[in-house]
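Shown next, in structure tokens, is the structure this report addresses.
Going in written order, the chains are labelled A, B, C, D, E and F, and every chain counts its residues from 1.
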Amino acid sequence: MARPEVRITHAEEFSAAHRLHAPQLSDAENKALYGPCNTVHGHNYRVEVTVTGPVDPVTGMVMNLTELMRIMREEIWDHVDHQHLNETVPFLKGILPTAENLAIVFWQRVHAQRERLGSARLFRVRVVESRDNFVDYFGDLR
Amino acid sequence: MARPEVRITHAEEFSAAHRLHAPQLSDAENKALYGPCNTVHGHNYRVEVTVTGPVDPVTGMVMNLTELMRIMREEIWDHVDHQHLNETVPFLKGILPTAENLAIVFWQRVHAQRERLGSARLFRVRVVESRDNFVDYFGDLR
Amino acid sequence: MARPEVRITHAEEFSAAHRLHAPQLSDAENKALYGPCNTVHGHNYRVEVTVTGPVDPVTGMVMNLTELMRIMREEIWDHVDHQHLNETVPFLKGILPTAENLAIVFWQRVHAQRERLGSARLFRVRVVESRDNFVDYFGDLR
Amino acid sequence: MARPEVRITHAEEFSAAHRLHAPQLSDAENKALYGPCNTVHGHNYRVEVTVTGPVDPVTGMVMNLTELMRIMREEIWDHVDHQHLNETVPFLKGILPTAENLAIVFWQRVHAQRERLGSARLFRVRVVESRDNFVDYFGDLR
Amino acid sequence: MARPEVRITHAEEFSAAHRLHAPQLSDAENKALYGPCNTVHGHNYRVEVTVTGPVDPVTGMVMNLTELMRIMREEIWDHVDHQHLNETVPFLKGILPTAENLAIVFWQRVHAQRERLGSARLFRVRVVESRDNFVDYFGDLR
Amino acid sequence: MARPEVRITHAEEFSAAHRLHAPQLSDAENKALYGPCNTVHGHNYRVEVTVTGPVDPVTGMVMNLTELMRIMREEIWDHVDHQHLNETVPFLKGILPTAENLAIVFWQRVHAQRERLGSARLFRVRVVESRDNFVDYFGDLR
């Protein structure tokens, strides 16, 4: 009989500065496009990583939550907390730090560790930028 | 190469009164069906609108969040905040203002502005009525 | 030795409609004064009642939280949940249902049950009207 | 014309103790696997049950939310609130009370009441164990 | 008879960047003192302003909440939202933007508008920097 | 001139089991007094510690928040997270783990470290037991 599949989600929060400024556009275009986000500001970001997989009949878990937390800290939190996302994060060099791009990059970094997920696979990365704004990325799964 | 697809969500909150009373039913049937919701009461509603689309490689965005916010304010918030949903909202005339119907109507109003969504498309409308109750509508996408 | 004094707080939430309209003022003055709150709308209200008193050395409690909850339900919740605060709540008849006045009236109703508080005394009533607005009333204690 | 399909969600919270200890593993293995979760501790759990179905054109509802609440209380809350999930809940006897397994068992119990859901069907059970950890189970729907 | 005194609170949220670096200290001392906060990062800040005063018997209000909101936007929000608190806010020039100092400066700015508070007086300014850290300033009232 | 005094608050969350059972009372009396809390259950607890003091003109801080966090982890969190408060916490031996008593004991433990608070002094310990229940202890300050 097939094992039931469950999705598990762990969240981490970090504080960082960023600004939105596209190098291909003029200053005036940037100002018009991003408005107040064109200048340096910051957020308390919340990152949720969801993995999905069969529940192990012995452990009752999809994967060890502590390992998921460790991956998120090593691959994401340790690099972005209390940083300036445009300037001090090597893996974001040359990437416009919109919430959309952060979700994609965070996905790629967790996905690169997929062997540590056991029989689970990465399902979704959510980046919450403020209480009324968030984005979701699902990789190629959908 | 295909551009990555991301979902972005913006939320707005509004305060409104409503009552649930189906005109096709008798007063006794309405009382039995809706219980305390049959009399005029109210909520702080939260509306989340999610759109999905490819991330623009220049702007790093699915669409301008400010434009999404503007659509939500012009099409929803300006009409329902501090209103009596059964009586003072023209686009709700004749519609029973359950959370389900609100989600459907809000969907239709945002969908009517779909040209303003650029390459994104409307994905979901969530209406949160209280801390323990909410509904989701996905249009015809699912 | 004096027993340590601790404050305990219990919260209840209710959904209600109201409008702000002062009978001593003209319609135009009301409109100017209350703006959008002059028309019927509603909220998910949160009421917090705080009592303070010595901790009983046998029970480890200031008072039985279940009794505090019962007082709040019997004196407040049962009367206001799913009601129109201007029209259907007998104890609010003739009272303008601003958050300030609600806090005062809720205080009076809990205070009238003060014998049920044992050695504790009513300290504060907080009424949260929306996520960014709340009021506190402390009776004559301060 | 097809009736629009909407998902509705109701949540309940309960407080319970549990420990994670797999009987097939040695004490040392359990300690290594579950870490601090291997000893008795507890949580304020939040359970969200989502059902999906067509909106009834007369009532404007997918199903009566009061009935969904009743099912959740009778089948879940009444049995687990203020309990020790490893010891005092008959329907959890022999089941390791991980969040994953709780979601599956809660699903089965609500699903067993599916005739009470009317034309709606169970879609998702979410169990939130703490502010940064939750799991989702979708049965066989996905 | 004395009018009952009630405290009312309004909150606003803003997103900003800052860094903690004391000019009187060496770089090494700054690093040791502030740790990760010594580099540029950011937060979603929440500012709560509480005023206290007698409830007007005609309006049922301590003061018009809309006016309090306007003061907060004109004196605080408009100047700090989407800004770099160390660099782009004139009234913070030369002030180390710790949460403590922000609360004091925000107090001073609201207090300077005290004539607009009517018979109410400023009671407290709270600055919430992240979900687990906040500060309160009460001026000279205590 | 006097330095402005500010209160700063840091919060930590922990998960623990407990039961309320007074040894001086009979089983029947315990059952009647504590109801469902008489059996082993658990919570996600939130502990807020507030200290108050003058703002240092050089650092802009009342005290180093990192030091406050360290005190809370060393004196509270490390001992109670994922524990059974009636059984496995040495400093709670013989103490009925009501929220009131937890607040008092946590106060005493932080107070014993008061030299590490610099020129600040302990002001309040809040213990939040569930979303609708919390207690506050102020020591002898009030």
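Just so we're on the same page, a contact is a pair of C-beta atoms (placed from the backbone, for glycine too) under 8 Å apart; a residue touches a chain by one contact, two chains touch by 3 or more.
Values in this document were obtained by computation on a predicted structure and should not be read as measured data.
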item: Where subunit A and subunit E overlap in contact partners, by chain label; value: none
item: D-F or A-D - the one linked by more C-beta pairs in contact; value: D-F
item: Farthest chain relative to subunit D (centres taken as mean CA coordinates); value: E
item: Interface copy of A-B among E-F, A-E or D-F, judged by whether over half of the contact pairs recur; value: E-F
item: Chain of greatest Cα-centre distance to subunit C; value: A
item: Chain centre separation (subunit B, subunit E; CA means) in Å; value: 33
item: Mean-CA-position distance for subunit E and subunit C (Å); value: 27
item: Junction residues of subunit A - those touching two or more other chains; value: 131
item: Interchain pairs in contact, sorted by label; value: A-B, A-D, A-E, B-C, B-D, C-E, C-F, D-F, E-F
item: Complex contact set, residues of subunit B against subunit D; value: 20, 22, 24-25, 33, 35, 95-101, 103-104, 131-138, 142
item: Complex contact set, residues of subunit B against subunit A; value: 4-12, 50, 55, 58-62, 64-66
item: Subunit B-facing residues of subunit C, complex; value: 13, 15-18, 36-37, 39-44, 81-84, 87-88, 130-131
